[in-house]
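The next part holds the structures, each set out as structure tokens.
Note that subunit A is present in both complexes that follow, paired respectively with subunit B and with subunit C.
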Partner chain A sequence: MDYHSPASFAEASALAANATGITRFLAGGTDVLVQLRSELVKPDTLIDIKKINGVHDITRNADGSWTLGVATTGAEMSEHPELGQDWPGVVEAMDLIGSTQVQGRATLTGNLCNGSPAADSVPAMVAAGVTVTVTGPDGTREVAVEDIPTGPGKTSLTKGEVVSAVNIPARGENAGDAYLRFIPRTEMDIAVVGVGVDLRLDGDTIIEARVSLGAVAPTVLLVEDCAKAILGSTLDDATLDALAAAASAACNPIDDKRGTIAFRTEVVGVLAKRAAKIAYARAKGENA
Partner chain B sequence: MSKLHVSTTVNGDAVEYLCDPRETLLDCLRDKLNLTGAKEGCGTGDCGACSVTVDGRLVCSCLMLGVEAEGKQIETVEGIADGDVLHPLQQKMIEYAALQCGICTPGILVAAKSLLEKNPNPTEEETRYWLAGNLCRCTGYDKIIRAVMDTAAELREAS
Partner chain C sequence: MALDDRKSDFTFVGTRPNRPDGLDKVTGRAKFGADISAPGMLHGAVLRSPHAHARIVKIDASKAEAHKDVKAIVTRADFADVPFRPGLEGEFYNVLENVMAGEKALYDGHAVAAVAATSALAARDALKLIEVEYEVLPHVTDVDKAMTPDAPVIREGAADYSVPEGMHPNVVRYHESGHGDVEAGFADADLVIEDSFVTEATHQGYIEPHACLGMLGNDGKGELWCTTQGHWIAQKTCAALLGIETSQLRVTASEIGGGFGGKTTVFIEPVALALSRKANRPVKVVMTRSEVFRATGPTSSASMDVKIGMKKDGTISAAQGVFRLQGGAFPGAPGDMTAMCAFAPYNLNNVKQIGYDVMSNRPKQAAYRAPGAPMGAFAVESVIDELCNKLGLDPVDVRLKNAAHEGTKASYGPTYERIGLVETLEAAKAHPHYAAPLKPGQGRGISCGFWFNHGGETSVSLALSEDGSAQLMVGTPDIGGSRASMALMAAEVLGIAYENIRVTVADTATLGYNDVSHGSRVTYASGLATIKAAKHAVEKLCERAAAKWGIPVDAVKWENGCAVPSGPNAGDFDPMPLADITADMGSTGGPISGHFEATPEGAGVSFGTHIVDAEVDPETGKTSVTRYTVIQDAGKAIHPTYVEGQFQGGAAQGIGWALNEEYVYGEDGRLQNSIFLDYRIPVASDLPMIDTVIVEVPNPGHPFGVRGVGETGIVPPLAAIANAVSNAAGVRMKQLPMSPPRILAALKDNG
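== the complex of A and B ==
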């Protein structure tokens, strides 16, 4: 295995473009090293992106949007005084990943590019409308988070492409987000179901909504029908039931030891309701 | 395969080693620097027995490559006592009999020390969450938690 620590994304991209065999980027390494050790993935080329300038920076831009460096850890996100005020759902979703030790290393980008359908931060990012900047041999492009995963362990990134920034939109007024997951334990487990909700209000009425489901299909889903179910409503009980039904209908889960198809299909509805209520309360400026 | 040369600082001492890029920081600490305090319980980030701090941040040394230590400040359990004088956390762990086989203990000490540096007055819940990545198969955790809480109280009084 060759180890490289390039000083720029252009260099990282060129290294990946010219590499043969299996290539992995190394952010926090909390997936890469586990796969290396279990001999699941034995990279020929490992490209450490942590020596590139600015990869740990969390920046609020003039328009209120946020740019996060691709090596920013979960711990750095949780410790930031303002990021979690704007985007509590995204920060809490990231914070659910692993232990204190894992939080010291794990990144949003690694969670996304590892391609797990159960990745906790991904539904939260999809709901929030997060995009990533991708640097490749032909320059850079901006890609919506929901367009990155294409199946378990697979992404739409092509040879030589590396994620070079995470872009979170401006929060704006009267809006809130939330992420909830179900796991069989209280800590250190993989999501059986995850739900991210982001919404904006005009008075009491929902005027914008994005709902994303994790661990219930081969990729994280952005579910239009869930958004439609709550748009124009004040999140009354009938609306919540319609949201739950739309979430259950969108599921295409697997049966495994951690949750049956029937269980996942039921629980996704329950979590969608709860996450929507939290996002709604946050949009109203309540502490939730 | 060519080995890579790494210069880093461990417990305040400048050290160097040659490693294969596949070797973890845990392998390097144990096999090249003879610092066998950090233990390999699982090798996959689940147990915390390999806990160290890197530039002040608590991490699993089994989830980091030896080459990634270049230019970093690493602290291991070997740096916790001051010569023969035990750190209050170590003292309390003994007082409370918060260990049996001892495999988890170095990781618990490093993790608990890092908690108290960040938060000198943690609640029991905060302490339990902070240490959730440090598994112990012997003690049932209660004595560990009490030892950490009591150390925190003692250090607060002392300061």
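== the complex of A and C ==
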């Protein structure tokens, strides 16, 4: 196994482009190292990107948007004084992953590129409209988070491409986000169902909405019908029922050791309602 | 064995000093199974079957043998020829067959070969070079399916004499007991409820994986260091499996990171010794967590039918149960224990119970705290709860009305001596928890539980040092703070401070045979032997004092750590402290020590009552346990903090078993969740604070009144939680674990 610790993303991209066999990028390592130890994946090339300058930075840009370095950990996000005020759903979703020790290593980018449909931070990022900057042999491009995963363990990144930054939009006025997941325990588990909701209000009326579902299909879903169900509403009971129905209808889950099709299909609607209520309360400036 | 000098007034017993091993454990100084190395040591790794059931056609290890770092490879041929016998008569055969597969791999994870190499990584890599040709056979992992006529036969001829004619060969042991006329009793009832219940296998989940270091020469002399609940059984079993003399193998028990019954047998220890014998070097083997789940002993899964008749006033008129337990591909599932414990809390005129031991393609079950009892209690106490609900009766009152007491003929045969079930129920009724109001969505559950407790072969020595301190050597690994309890009991007899007594878990070369730390026997049996050994030393101390004073030995008695004249007529001497006697013992007759060994048989059965509040989210089926109270008879709590710890530990493991822990098998018969991520043991935040009440009804069979407390605490939780959840959800839950998908499905079925 070859280990590299490049000083720039261009160098990281070149190393990956020229590598043969299995290549893995190493940031927090909370998936890669576990897979290595359990012999699920034995990479030929390991490219450690956490020594590149700025990869732990959390930057608020002039327009109010945020840029996060790819090695920014869950703990760094949770401890940031302002990021969580703008995007509590995204920060809370990341904070749900693993233990305190894992929080000291795990990253949004790693969670995304691992390609798990149950990744907690991904529905929150999709709902929030987050994009990532991808550096490759042909330069850089910006890709919506929902366009990265293509199936369990698979992404749309091509050979030589590496995520080099996470871009979170400006929060703006009268808006809020939330992420909820279902696990049978209280922590240290993997989502059986996850739901991210982001919305914006004009008065009491929802004028923008994005709803994303996790662990109910081969990839995290951005569900247009869920957004439609709540747009223009004040999130009354009938709207919430319509939202739940749309979420359940969008599911394409599997039966596995973590949950059943029937359970996931039912509970995704329950969580969509609950997450929407929290996002709505946050958009109104209430504590939720 | 009734004792006429029982003590009830204590100086040290009942206090709560820090445990003597505490500092070592919190600073990392304690040596666990994997914390030892030897010069020239090799690392072993085990190749395991990926199939649930397969004939081993051929093992080609030539490529692995050619690996430069590989020093030895063993298969079944490298072990002794141990004769096969049916049932549990051939337990050495069963253990050998489990330790290393013979003609067939019998479950996913079954060991088929092992390698010793110069590094752990090289050993793991070498496993991939071993080529095993399998002929895959049909498999069965479900207990009910394993009993059906067309189920694949795991092993012909494994059934013992107890099994009635016509049963499937996978049924290997049968138990039937009871008394009275259950049919007449049911006819006499105002309400009869009959229902079926299912529980899934769970693992003890001890945090320390199995680990050992073995050294065995071609001269048949060996040393073994291992994490175990019983190093004498490890010694005896390893010797039998390797064909060496028992006394030539010295076994030392490491510190143990949890066992709960799962470390009462051997898995990797004979493999390490076989590899060592072949390589002529020490070999260390450490299991991964996945190996622990796949190839050590979880508890049995169970399928049960229970029928109980009750009068309108709450009197149980008849009770019967059929308990089918699956224990993996070997005899040993405790269907007999389940049957015997199921109705043991109650004073019944008409009772009948049947237990089956059934084999399937799963790992060999091992003991798990009161093996077999929790499942039976789940079924029985659920039906009693349903009867109480239907008849509008208070669940504690009904249990009090039917509670067994001194003189009751137990459901499994004997007549009870003094027992404390009624006292636990009265304490439950008086506890503020039982009167506390419930919030909407919450339910309350009650259950009683019983466990036999055990005595077992026990040998203890105590040696006094010149400075007046004492060394106590016991043979029972400390799995629950027993070194603290032993020191307290020795201090009570000797009259010297707790801190001046060092308790060591001695190796197999130091003491006679000691039975395993199981059956909640340690504080009872090693404690009894400790008291007797200390008294033995006191006799000698009194002899020395008598000689110094020039008076007869029967004119000297022992009080508060000193020899004193037994009365005014014996003479006027100042009390002579222990340290004054030991200071010159070398010249007054030599070293002073005490010893005791026996198989004490007065362990004293144990009962508990649990109260649980649970809240169910009706939209997701998720359960939170909001309040939990354990009430149990300890006889006499030697170290109350560690008694409370046992109570809480039983409840915590019961919560896991009841709500989310389970062995999940795929259609292919392979275990799907062999990591802690997917084997959902409770995390700290899943648990409420667990309140405890220690009831003390002294055991007549122990000098200080001790009853074992380690196991009874896991008997009531499954039922108590199921009753709480069923009452909260408004639907009877009959299958464990009560995971959210199962609860949500039950709520939907209920409309």
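We take it that the second predicted complex is superposed on the first by the 288 of 288 C-alpha atoms of A that agree within 3 Å, B and C clash if a C-alpha of one lies under 4 Å from a C-alpha of the other, contacts with A are read in each partner's own complex, and residues count from 1 in each chain.
Simple rule for what comes next: a contact is a pair of C-beta atoms (placed from the backbone, for glycine too) under 8 Å apart; a residue touches a chain by one contact, two chains touch by 3 or more.
These figures come from a predicted structure and were not determined experimentally.
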Discussion item. Output check: A:104 vs subunit B and subunit C. Expected answer is one of first, second, both, neither. What do you get?
Written reply: first
In the overlaid three-chain picture, which partner chain does A:237 touch, first (subunit B) or second (subunit C), both, or neither?
neither
_Which superposed partner A:48 touches (first subunit B, second subunit C, both, neither)_ = first
**OP:** Check whether A:188 is in contact with subunit B, with subunit C, with both or with neither, and answer first, second, both or neither.
**Re:** both
Exercise for review: Tell me which partner A:63 touches in the superposition: subunit B (first), subunit C (second), both or neither.
Suggested key: neither
- Query: Looking at the overlay, does A:33 come into contact with subunit B only (first), subunit C only (second), both, or neither?
  - Reply: first
Of subunit B and subunit C, the partner touching more residues of subunit A is B
Check: subunit A residues flagged as touching subunit B and also subunit C 38, 187-188
Within their complex, subunit B touches subunit A through residues 1, 4, 21-22, 24, 43-46, 48, 51, 54, 57-60, 62-65, 67-68, 111, 114-115, 129-134
Contacts from subunit A onto subunit C in the complex sit at residues 38, 182, 184-190, 192, 256-260, 262-263, 266-267, 270
In the complex, subunit A touches subunit B at residues 1-3, 26, 28-30, 33-34, 36-38, 46, 48, 50, 73, 75, 98-102, 104-105, 187-188
Per the touch rule above, subunit C residues touching subunit A in the complex are 290, 619-622, 659-660, 664, 672-673, 677-678, 680, 682-683, 685-686, 739-741, 744-745
